[in-house]
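In the two complexes below, subunit A is the common chain; its partner is subunit B in one and subunit C in the other.
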Partner chain A sequence: MSELLQFLLSGVTVGAVYALVALGFTIIFNASDVVNFAQGEFVMLGGMTTVFAHAAGLPLPLAALVAILATAAIGVALNKLAIEPARGAPVVSLIIITIGASIFIRGAAQLVFDKQIHKLPAFSGDDPIVLLGATILPQSLWVICGALVVFAGLWFFFTRTLLGRAVLATSNNRLAAQLVGINTNFVMTLSFALSAGIGALAGVLVTPITLTSYDVGLGLALKGFAGAMLGGMGNPKGALAGGFLLGLLEALTAGYLSSQYKDAAAFVVILAVLFFMPQGLFGRKSTDRV
Partner chain B sequence: MMKLTKTTTALATLALLGLAGPALAEIRIGATLSATGPASFLGDPEAKTLEMLVEEVNAAGGINGEQVELVLYDDGGDPNKARTFATRLVEDDEVSAIIGGTTTGTTMSIIAVAEDAGIPFISLAGAVDIIDPVKPYTFKTPHTDRMACQKIFEDMQKRGFSKIGMISGTDGFGASMQAQCKSVAGDYAIEIVADETYDPKDADMTAQLTKIKGAEGIQAVLNPGFGQGPSIVTRNYKQLAIGLPLYQSHGVASDGFIDLAGADAAEGVRLPGTALLIAGILPDSDPQKPVVTAYKTAFETRTGTPVGTFGGYANDAFLILKDAITRAGSTEPAAIRDAIEATSGLVGTTGTYTMSPENHLGLDLSAFRMLEIKGGTWSMAE
Partner chain C sequence: MSALLSIEGLGITFGGLKAVHDVGFSVREGEIVSVIGPNGAGKTTLFNMISGVYQPGAGRVSLSGEDVTGMRPDLLARRGLSRTFQNLQIFQSMTVLENAIAGYHLRESGSVLADLLGLPASRRRALTAREGARALLARVGLDRAAEREAGNLCYGALKRLEIARALALNPKVLLLDEPAAGCNAVETEEIDHLIAEVAASGVAILLVEHDMKMVMRISNHIVVLDHGEKIAEGDPATVSRDPAVIAAYLGTEADHADG
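And then the complex of A and B:
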């Protein structure tokens, strides 16, 4: 029994990391239909900047804030310098641009920071919380709470605020959005800033668990992307559920089948889900009017 | 067009000046290392070590009175690039010997070139396949993962363990060591009762460790792997309060590991490491003490970063080459090769090398020290 509970807690820990990364994908996707493959790099930048700012003497909360703002600024720069000039290009080209940006940011981080692995102290200590014979680290609770707060914020933003609806409108039909007076350039800039900021926040929260280095982004982005696809791209609810589901799948496979097949089992399930529900578990049905 | 001509002229003039001036570099040593890319944390200190040693040697008058020139390329961990650079070293730079191959992958592609051209090549990578079977021109300085397994099992046997669990990374290093350990475990009457793996990028290994913890009669756990994986395993191990002795591999033998895992979680962890890690606590009678202290001081003063096992491999490769060229009294590749093979009792940071036609590594198990982490620092377990 305590074994099953430990597998579940392990899955929730990993799942929360994936969910937090997956949530970062939603805003840019909602604004432009672009899957931003540099999202993992935002997570890395959040973690690495915090590590270096903290090492330079800033208290941890301030270092985290600096990291989130700096990463948001880089997100804006990415939009202004790489995405906006290619505005007329098809979505696939824009996605390829984000892959290029991801490689560029990784290379730059290697030079600006270093090539070593770094850690951050856990926010509330390293003593595990024991629950019916199973254990979870307090930092995992931080990550879970972080994922829930970001989810709630995004849900509120997209359904209850004018600005959030403007983002959705821009994605739906850029020209029509412009015609009703939405500043689509501003919406794009805002969505990159928010996505980057959420990515950086994820980086700050998960670094005490996962550790960080200049190349940690790619792996996190892949898992986060898989989680987002599973749940339904663009839907915060889907990102949250998809991330947790992926983590639980991995932990239960590792626990009851074999750790050799952990990743394979998770991806088989994702493929199966996407085969029967191409929009993901919570994806919006798209209908093209002719 | 005009610009191009100008550049060409300038280059030609430079080349002429170079030829006309006194020939400064008489001994050319080539190196292709992975100073950037995924293996950069190995290749970067190796490159810095070689640059430092060449400067030192030249300042002290060179080898046999001749200055040394280092031709250094960065292959980024890509075997294809390593092959291209090795070819360039042989054909364009006309080097007398090659040091390099940070990873087993890049080493394998350099071997083909070096063996074809008959240029002595000292690899800095781990796999036993590099020197087994013996190839005439290929040598290496790091001990093999098989030796690490043997050293760990020897220690386990001494402590009376016969049933152990393994949790290995699925990267090249982890997978290779996992296979080697499984193949030699029988020699030490050790039975592997749980065999789990993790992806090197995984954030949490508690599921695998919970499974290992539940294995019948388990007495100790071994974690072959490098990078951040072993640090996370060590933290999770503490989180689950498994309480059995934990062994790590030589892949994480650096101060960085204690820092990343946390002194608290790493307490009591044992691993086979080199004398370089414990330079400070080596007894004065230890033959390696002066060598490791000299390298550690020089490297740390120059780079400001703590010394690591991997830079030590490059240090040893250069020492072996320097010793061989001195004894050969020639820069002919074939003469250098014969001299390297005759290396005897050469004390390096990794161990004491004695090569032979059958053994192109020249280290034995005594090169490894069984270390234990106590109070956030290394101590000798023996």
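And then the complex of A and C:
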């Protein structure tokens, strides 16, 4: 029993990270139909920038804030320099551009930072909390709460605010959005900033547990993407559920089968789900007409 | 009365083809001007240039005297120019009501924070938009479809929804691209009345329409395009007797030989 609980707790922790990455995918996808494969790099930048800012003497919260803002600015730059000039290009081309951007950011990070593995101190100490015979790190609670808070914030943003609805309108029909006076360029810029900021936050929260280096982004992007697809691309609820589900799947496979199979098992389940529900668990049927 | 919308020497070429060349006219407050011409005459291209979807290659568009040539559609919308599309630009996966509300949002301004906190001002704003949008849907005869997903409506209904959304922007100038296409005789007549009513409220209306009976009935002024150039203009009676117009529509021997 306590063994199962232990697996579940570690699954939820990992799942929260995937959920944050998946939420980042969701925002940019919603605004532009583009799957941004540089999303994992945002997570890496968040962690690495915090590490270096902290090492330079900034207190941890300030270093984290600097990292999130800097990453958001890089997200905006990615949109302005690589995505916007290619507007009108097919979505597939834009996705390939994001893959290129991801390789570029990884290379630049190698030069600007270094190739070492880095750690951040845990926010609230390293003493595990005992819960019904299982343990959980305080930092895991930070990660889980981070994912839930970001989700709630996005949910309110998209359903309650004018600006959030403008983002949804832009994703639904860009030209129609312009016709009703929505500045779709601004919506895109905002989406990249938001998405990069959330990715960076994930990086800051998770680095005390998983450590970071210049090349952690790719794996996270893949997992986050898988989580978003599992839940239904474009749906914040789906991203959250998909991310957590993926984390749980991995943890349970690693616990009961072997940690060597955890990635394979997770992807097999995703393939099975997508085979029967191509839109994902929470995705809606496409209603485009010709 | 001064012109709300005026166009001078507007032109655009696509890979050497002069799609529209040196077209000019103006639309005054409360006036209905129709652009007619055979298929491929450049009517929709002209609309796309006026509304900022295409960058004109030459010429000038002014709105209430201000030069707005090639301005982005969202900025034009804020300045009071609103349009509909021949092939529809609808928020497919939103409901009919949400589509109409989208048009309202421009009139409102509110902060993200106020919206998030659900402040009274923000709620009042949402309520006003909702009521206004409902009233507009009733005006175009779509009130009973308000909660349906827009993508499931038939073409004629979507045409009317697009008009409702355009009106929600409270435009000074309204461009309608084939508003009666896909509508039956009764619906066409309703759209007729709607357009006349909107014009009577002081809006300048520019219309592209293939239904000649409708055009002749409601237009104050008609501009005829053929092969991207203006070949005639005037009141309905004058234009319908113009030999150049008749030739453009019925074709000449040479045109038929071209196929």
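FYI, the second predicted complex is superposed on the first by the 290 of 290 C-alpha atoms of A that agree within 3 Å, B and C clash if a C-alpha of one lies under 4 Å from a C-alpha of the other, contacts with A are read in each partner's own complex, and residues count from 1 in each chain.
In this section, a contact is a pair of C-beta atoms (placed from the backbone, for glycine too) under 8 Å apart; a residue touches a chain by one contact, two chains touch by 3 or more.
Since we're looking at a predicted model, the values are computed, not measured.
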Fit or clash - subunit C, subunit B, common subunit A: fit
Arrangement angle, subunit B at one end, subunit C at the other, subunit A at the vertex (C-alpha, nearest 10°): 140
First (subunit B), second (subunit C), both or neither touched by A:Ser213: first
If touched residues of subunit A are counted for subunit B and for subunit C, the larger one: B
First, second, both or neither for A:Ala254, with subunit B first and subunit C second: first
Which superposed partner A:Ile182 touches (first subunit B, second subunit C, both, neither): second
Partner chain(s) touched by A:Asn172 [first = subunit B, second = subunit C, both, neither]: second
First (subunit B), second (subunit C), both or neither touched by A:Pro90: neither
Partner chain in contact with A:Phe7 - subunit B first, subunit C second, else both or neither: first
Partner chain(s) touched by A:Gly57 [first = subunit B, second = subunit C, both, neither]: neither
Lowest C-alpha to C-alpha distance for subunit C against subunit B (Å): 34
Contact set on subunit C toward subunit A in their complex: 51, 53, 72-75, 77-78, 82-83, 85, 89-94, 102-103, 105-106, 108, 110, 112, 115-116, 118, 149, 151-152, 165-166, 168-169
In the complex with subunit C, residue positions of subunit A that touch it: 156-157, 160-166, 169, 172-173, 175-184, 284, 287-289
Of all residues in subunit A, those that touch subunit B in their complex: 3, 6-7, 9-11, 13-14, 17, 110, 115-119, 126, 128, 135, 137, 206, 209-211, 213, 215-216, 219-220, 250-252, 254-255, 258-260, 262-263
Contact set on subunit B toward subunit A in their complex: 36, 38, 40-41, 44, 196-199, 201-204, 206-208, 210-211, 214, 227-228, 231-232, 235, 238-241, 256, 259-260, 262, 264-265
